[in-house]
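Shared chain: subunit A. Partners: subunit B in the first complex, subunit C in the second.
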Partner chain A sequence: MRQAVVHANPLALCVVGIAAVPGSLAVRDLDTGLIALGAYLVAVLLLTPSVRYALICLALAGFAGLTVAWSTWRLGGHDEALAATAALRIVVLAWPGAVVAGYIDPTRLGDHLGQNLRLPARPVVATTASMQQLGALLGDWQQIDRSRRARGVGRHGGPLARARVAGSMVFALLVTALRAGTGRAVAMDARGFDEAGRRSWAEPAPWSRLDVAAAVIGLLLAAVPLALHLLR
Partner chain B sequence: MSSATDRTVKPARYRTIDLVTIATLGVAFGVVFWAWGKLYGVLDLAATIGYAPAGALLGGGWLIAGVIGGLIVRRPGAAFATELIAAAISMFVLGGTEWGFTVLVSGIVQGIGAELAFLAFAYRLFTLPVAMLAGVLAGIAGAIYEVFYYYPDWNLGHQLAYGGFFAVSGAVVAGLLGWLLVRALAEAGVLDAFGPGRERADA
Partner chain C sequence: MSEPGQARFRGFGWRPLGRREPVVADLDLTIEAGQRVLLAGPSGAGKSTLLLALVGALGHTVAGDVSGSAEADGRVGLLLQNPGDALVAERIGREIAFGPENLGLSRDEIARRVDAARAAVALPYPVDHPVAALSGGEQQRLALAGTLAMQPGLLLLDEPTAMLDAEHAAHVRESVVDVVDRTGATLVVVEHHLEPWLAHVDRVVVLGADGTVVADTTPAAFVEHHRDALGAQGVWMPGLAAPVPQRPASDLVLPDVMSEPLVTEHLGVTLVRRGLRGSTTTVALHDVDARFDPGDVTLVTGPSGAGKSTLVAALGGLQAPTEGVVHGWGGPPHRLKSPALAARLGWVPQNPEHGLLARTVAEEVVLTAAALDRPVDVEAVLAHLGLEHLASAHPFRLSGGEQRRLALAAALAHRPGVVLLDEPTVGQDRLTWAAIVGWMRAAADAGAVVVASSHDAVLADAADVRVSLAAGART
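Right, the complex of A and B next:
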């Protein structure tokens, strides 16, 4: 049961994360917020394998909530209950999505976007293919950083000097990435990417009962604050 | 000239290199967003302790992907797609765990804002003022979403200040810096297949 989130397909997980966004809007008082958060907490304990990961996400979302609470208290009339509600709303908004995002494999998501949602194949495949370059890009970034350090550039000086170095690193990264992208586009077209009439996909993108259940649970969880709000 | 004729024949037809470049920019800016997020967290905290709406002065950093995508690829939807992919990458792949799916919503909203500026000029004008307008509209769109979701309880004056700061930051960081970055990329010779690179070759 606790492996549910691992086996659910990426679209079903997206439903969970996206549903939380409008759902959180209904958090307009402390009780609603606490009950909604409690419902998500139960779901996390029952359906995700790593409580530790979920708690790290909760801590991060909680911190974001605290900053919002502080500014709401200062700029919204020094009302403690209002500030606490604002913090809870942020946690209910962000936490569920943060947890499921950790279980979404972007490549599988690409398969599902193309086959289930019938999004145009070329943009989906081009994006998924470019995502494979992410590891290489991160490597490039480290290499740019290291070569700069070896030449004694960057990593010291004031914030402005550092910002300039960061800017030139971003530029170098973009040049590398765009060059690689041009090459990739030519290679893809050489294999008939542009003109293909019939396209095959790397993996099938099925909807199992588990996926339907995951999506429904996500919608129900998001409906908790809405229902409480309407019942009041 | 050939590009202009191509576009009158099939206005929205993307070449493979357009698609790959949008995705590549999205992925590269996803990495940049991820790095920027770390720095942003610290600076935004400082702003929050001081005067929270001023934190929006840093918001322009999140808008730059859409502006650059629109400036380079120059097709309908390019700005929106670049911003959306960058947001998705920084969220799914790199673990933008703090804000969950709001990152994706922000990307959609800000991407629409930037797209509107290019649409307003019918995808024919890609000058510095258009780039800055794209940044401003992306900033305003982002601010409306954030005020609605994060800061609905602030007093109206502070909410408007937040929008104003976000718009200014969008104009300078996303618009001006983005435009300069595209020009520099064209000079580096990596945009030869796109409008900015062709203009450099013509000049």
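Right, the complex of A and C next:
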């Protein structure tokens, strides 16, 4: 059951993430926010394999929430409940999407966007190919790390020194990514991408019962704050 | 199947952004439909440039000035030099299917072509195997499969076997020749090691260092008339003796701190690529016992994916072992702090760009030594490697061969007692080869432990000891 999110198709996952946006707008008080967040938390525990990843996303969304809470508190007459509600709204808005995004397979997403939503093939494929490049960056990062370590300028020392090294590694990674991006663009065109008028898809993009269930659960979760808001 | 295509250059020239001189100028060349052409010449002669021009990449995707025209008829398939750049999908089946998808083929036809192309390059993995879990040589075969699956009328291959061991290289060559035989496609190959291709081509075009056509001839006449002249310019001509390693002066390589012999005991490395959607586990090394002595040049050999790079990285503490130990560092080397490790280790990465950190060539050479407070004779190092005129150039503006030599200097100028090199001679001409191997030889003679991973047969002959791996274990 906890593998559900891995097998669900990417469009169903997009429904879960996107539905959370209008859902979050209904978070107008602390109770609604807490209940909505609790509902998503249960879903994460039951339906996703990595609690750790979900918590990392929660921390990031929480940070965004805190910055909003701070400005709301400053500008909104130092009202703690109002600030906390604003923070929860941001978390409910961002967290579900962040979690499902990690489970989207770029190639399958391309299949679905192209075949089910009939979006133009070329932009779709260009996007999925760059998402694929993100994976390759991991290997490049490892090589840059090894190389710096072997040359005596690797990550060591205090947090400040480590941060400085990490900063220049990020820069090196960007340069590598830019250069690789040019190579990839040439390679894609050399395989007929620039002239692909009517492109076909090697695999179908089906909707199984699991996919429908995932999308429905996403809609129901988003409906929780809406329902609470209307009932009040 | 697409018709054999013709390729034409008329007054063609190319000057990349940021260079003063053109790489290729005023070139006229026609390659007739169905011809099989080997494109030869010293490194930096613009061979890859011509292939890129035929797919229309120059001036659009790659910035610079084009003059004249470069045209190709029919469907063009290009295999790029760096296979890692060419990959667009997460799994090998979809990677091969990318070209056929662009052609708008039916699902059945795509599946047939994917299977045929996978067999042609002997990739032993299922279609849902992750691309990221492949080794460099395997990625090169995958990229070739993706090109073959399009059944192009004009097949352009830029060093298709550079990263492969002899057996896989022969297989890939046979597959290419077989495809060309069946489809009658026009073939243009750029390759450093020319000999194995000569029997399969009917025309050889030689480019000079200035990007002009120096000779346009048959394979037999090519070898007869150009062997010595091109050999001296660095081209791997058939029938020449191995290049003589160019040894630097011994004070450039004499280790500052001598190393103990490095000994691996039951060394095992299991690489796990974790992803949210599942992980891939690869046993890169298993139960490897080996000894690497100071004074020896030891070569780690084996087919692509055998674990060569992993063994070299584990020896230098750049890869943590999952079982077993590496002796000789006074503790587990992967736990050493970066400066302590660098004081004793020099590691030349497979992709030279990954090892370049500074803004100028000269700064690059002193970087590690400066971090360790060791003096370096920068001028002598650069002069030995033929880079003295580039001392103030940006490392990324150098050509491939120059970059490879700079990466060597950057990694080894601080005179480490352990010298590790990952595929140091891939795609190198005879001159760069002699510089790299000369450095390895001189460092070993001065007392360093020198270990390189490689499938280069010429380098194997120059080594003292060979450690052969297959599927992660010693053979």
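Note that the second predicted complex is superposed on the first by the 155 of 232 C-alpha atoms of A that agree within 3 Å, B and C clash if a C-alpha of one lies under 4 Å from a C-alpha of the other, contacts with A are read in each partner's own complex, and residues count from 1 in each chain.
Definition applied: a contact is a pair of C-beta atoms (placed from the backbone, for glycine too) under 8 Å apart; a residue touches a chain by one contact, two chains touch by 3 or more.
Computed from a predicted model, the values in this text were never measured in an experiment.
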Inset, instruction - Please indicate which partner A:L60 is in contact with in the superposed arrangement: first for subunit B, second for subunit C, both, or neither. - result: first
Inset, instruction - Report for A:G102: first if it touches subunit B alone, second if subunit C alone, otherwise both or neither. - result: both
Inset, instruction - Mind working out whether A:F193 is in touch with subunit B, subunit C, both or neither, as first, second, both or neither? - result: both
Inset, instruction - Figure out whether A:L174 sits in contact with subunit B (first) or subunit C (second), or with both, or with neither. - result: first
Inset, instruction - Kindly classify A:L119 by the partners it touches after superposition: subunit B alone (first), subunit C alone (second), both, or neither? - result: neither
Legend entry - Touched partner set for A:A129, first subunit B, second subunit C, both or neither: both
Inset, instruction - Using the touch definition from the top, say if A:A185 reaches subunit B (first), subunit C (second), both or neither. - result: both
Inset, instruction - State which residues of subunit A lie in both footprints, the one left by subunit B and the one left by subunit C. - result: 102, 106, 129, 138, 175, 179-180, 182, 184-186, 188-189, 193-194
Legend entry - Of all residues in subunit C, those that touch subunit A in their complex: 52, 55-57, 61-62, 75-78, 80, 82, 84-91, 93-94, 97-107, 110-111, 114, 132, 143, 146-147, 150, 156, 275-278, 313, 316, 318-319, 337-339, 341-343, 345-347, 349-351, 353-355, 357, 367-368, 371-372, 396, 410-411, 414
Inset, instruction - Flag every residue of subunit A that touches subunit C in the complex, lowest number first. - result: 6, 49-50, 53, 102-103, 105-107, 125, 129, 132, 135-136, 138-140, 143-144, 146-156, 168, 172, 175-176, 179-180, 182-204
Inset, instruction - Report the residues of subunit A in contact with subunit B in the complex, numbered from low to high. - result: 14, 17-18, 20-21, 24-25, 56-57, 60-61, 63-64, 67-68, 70-72, 74-77, 79, 82-83, 86, 89-90, 93-99, 101-102, 104, 106, 109, 122-123, 126-127, 129-131, 133-134, 137-138, 141, 166, 170-171, 173-175, 177-182, 184-186, 188-189, 193-194
Inset, instruction - Could you pull out which subunit B residues touch subunit A in their complex? - result: 14-17, 19-28, 30-32, 35, 44-45, 48-49, 52-53, 81, 85, 88-89, 91-93, 95-102, 104-105, 149-155, 158, 181, 184-185, 188, 190-191, 193
